[in-house]
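Before anything else, here is the set of structures, which you'll find just below.
Two complexes follow with chain A in common, the first pairing it with chain B and the second with chain C.
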Partner chain A sequence: MAKVFIYPTTSLILSDLVARFGHTPLSAALQIREHIQTPGLESPPLQITPEDPKKGLKWAAVEVPSGVRGRMSLYGPMIEQAEAAIIIHDADFSFGCMGCARTNELIQFLLRKGDIPVLDLRYPRTEEEGIEFVAAIKKFLDELAGGGV
Partner chain B sequence: MNLVRIAQLSCGPEYSGVQKEINEAARSVDAEIFFPDIRLADIRQGFDLFGLDVRSPDLKLAIARARALVEGKIEADAVFIATCFRCAEAAIVRNELRRYIHENSRLPVVSYSFTERTTAGTLLTRMEALTTIARRRALLAREVQEGLTLGVDSGSSTTKAVIMRDNQIIGTGWLPTTAVLKSAEDAVDIAVKEAGVKREEIQAIGTTGYGRFLVGEKMHADLIQEELTINSKGAVYLADRQHGPSTVIDIGGMDNKAISVQDGIPGTFTMGGICAGASGRFLEMTAKRLGVDITELGPLALRGTGREVPMNSYCIVFGTQSLVNALAAGSSPEDVAAAACHSVAEQVFEQQLQEVDIKEPVIMVGGTSLIQGLVKAMGDLLQVEVVVPHHSQYIGAVGSALLASGFIKGS
Partner chain C sequence: MTEYLPKYVNTVTKYVFVESPEMTPGDLAIRAYEISQGVMIKETCFGLQITGKEDEVNAIIAHLREFDPAHIFVKDRGFPPGDSRRCRANLGGARPGYFGHEFEISISRFISKGLVELPKREAIAKPKPPAPEGSAKLDAKRLRQIIEAMET
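Right after this comes the complex of A and B.
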């Protein structure tokens, strides 16, 4: 079972596919849930405090906007854990959406720098493409160590 | 008090840990922040029609929300636009949305670029101004001062007091701010003495400036209001430009205000300054280094030319270094004074005036408007004739006294 970083990390469909095919998805939902459930924090809506952008300094320098660093404090640890990654390009907003383009560029760069298998797929626009899309994800996940159901 | 609903258009505050601060600043002025709800289809249509092809989905959402507000699909009393400091893409969107809302609706709008260090205190005056404009349009429409009123401006550098009677300024007081309350009391005493009235005869009191709450509470003020709306009102009143558009520039001792005004009511405004190098404080330092009184700096600057003196007061430390270097290299005090005025004007021009639409007349107010060299430098940069009304240094106190007269019983 491999830890698979998904992009967009907010995609519930992608997260579900990874789990169904026997791996552990690394998605935003888990990270945000951990933040929201941390007792003692009072910084709605995501319970991210001004300390988090400072933690993000590990992945982005101080001149990088605070929103990028705050996001990296969530996604950076996930990238470090990742043993594989699936990146969907031009995804529809309803499939999953990541708010900041600069963060998205940095996430993809760090994933490619990480020497892990990465599957790049374009978001399907037809039913036929949709079938090929799921098949490609299944094939990629099956080939990962410990994968396949 | 009516809850003012402020629509937030933003990218990044929840990930910077400052959303709580924004909410708190709004709550402290009886306002509520909300995110306009729109359908997914409207998001796609919204930014397509707006025509700005940005990459960040949160900015696309902000654009779609702005369109929904302008088209009246969502009701709000005011708009707060917030994006990350140092993000170029967001800065373009922030600026264009501010302009779009200002030109196509009557919604007051303020934009702000935050870092993770932004606090509710930093945002308070901006939120207060937004709610004042939304809540007190009738009061801000007042054009004539009536009765006997007192206005106090408790500023970061100086405290000003003005007594007005039947639309005339009859007494003024001006002192450096040391202990906030004592400075205010002493300034009022001077103004009362000059006016030849008794304090108990005063029918209404208004306070503004950094110390407005403390002074207002102590003096049982009828009106305690931030300086953005007060100064706008005071500026157009004193310049006799109460109707139509105008731009008000106030380079203060601690921060600067640039306000785009329509019929005496602020539409968009910016407040701040990266460093004291872009404020009156740098000119005070320059005067001190040149060994002249601050009142002599303006005439001195008019006699010099700053072109030959390299000076960049983006940071007050670097600005001071430039000052010392220029004098050591043999530059004349006149040229150095002119360069300092140009540098401060340039910082305000580059950092703040890009965020408001400059419409004539451009009215400069506040203590620094008495420094002629600074006014000239600003006029040269903007290519306009800058208007400095009489009593411009008392602008906050005059605006307070004017609006306070709306609280006189039977007025």
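Right after this comes the complex of A and C.
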């Protein structure tokens, strides 16, 4: 069973398919849950404290905005754990009220810099593309350690 | 600053989405309640949110998946249901993460089709997934060609 980083990190489809085919999806919810379930000082809405941008310095330089560094404190540890990654490129919803384009670029850069297999896709727009989309993810996951479930 | 004491510590919350012609969130909720044994289940317009110990939640989800494997989708959630920082009852509108769900559920029928057809595919057939389109920005090599063409 391999740990697979999914991008968008909140993707329902990727999270489901990775778990369905026998691996562990690394999604934003896991890190958010850890923050939410850790006692400390009240810091709504996501319990991101001033300590988190400091942790993010491991992945982003000090002149990078604190929003990027704070987000990297969530995603950085997962990128380091990841044994593979699946990236969907046309996820418009990952940039907007809760997203950050620069963090998204940095995540993809770090994934490619790491020596892990990466599958690049876009969302299917037809049933035929859906069949190929699922088949490609299944094949990719089967080739990872512990795959072929 | 005030002290923060978390609720539902050592639990997991998972979303169960159902987009099926044969099953509604209500049907799914009844099946889940039958075996819930103290796990918190919230029925929503798209499916369920299940909160409890990880083993118990996974057992319920495995049971639910059997009813319609290709049309039930599951993902983790960071917050428990009804959390005032996230619940739309307090925010006055859809919570931010809903827009991603709304988009992905709209294409889940293609994924369901893929899951149904997957066993029928030949094992050796090479998938041809939808590839990301290239950047719309002007390529540096192409820019150089244009400059050189103008200079000559």
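We take it that the second predicted complex is superposed on the first by the 142 of 149 C-alpha atoms of A that agree within 3 Å, B and C clash if a C-alpha of one lies under 4 Å from a C-alpha of the other, contacts with A are read in each partner's own complex, and residues count from 1 in each chain.
Just so it is clear, a residue touches a chain if its C-beta (ideal position, glycine included) is under 8 Å from a C-beta of that chain, and two chains touch if they have at least 3 such contacts.
Predicted model only: the values in this text are computed from it and were never measured.
In the superposed model, A:28 makes contact with chain C only, not with chain B. Of the two partner chains placed by superposition, only chain B is touched by A:66; chain C is not. When the two structures are aligned on the shared chain, A:101 is found in touch with chain B, with no touch to chain C. Residue contacts after overlaying the shared chain place A:123 against chain C, while chain B stays out of touching range. Considering which of chain B and chain C touches more of chain A, the answer is C. After overlaying the two complexes on the shared chain, residue contacts for A:15 are found with chain C alone; chain B is out of touch.
Look at A:48: by the touch rule set out above, it reaches chain B but stays clear of chain C. Touch criterion not met for A:76: it reaches neither chain B nor chain C. 42-46, 93-94, 97-98 are the residues of chain A that lie in the contact sets of both chain B and chain C, per the superposition on chain A.
Against chain A, in their complex, chain B makes its touches with residues 11-20, 23, 40, 43-44, 54-58, 61, 83-87, 89-90, 114-117. Across the interface of their complex, chain C is touched by residues 8, 10-13, 15-17, 19, 25, 27-33, 35-47, 89-94, 96-98, 120-127, 129-139 of chain A. Of all residues in chain C, those touching chain A in their complex are 1-6, 8-13, 15, 17, 73-80, 83, 85-86, 96-97, 99-101, 103-105, 107-115, 117-118, 121, 125, 127-133. Contact residues on chain A toward chain B in their complex (touch as defined above): 42-46, 48-54, 63-71, 74, 93-94, 97-102.
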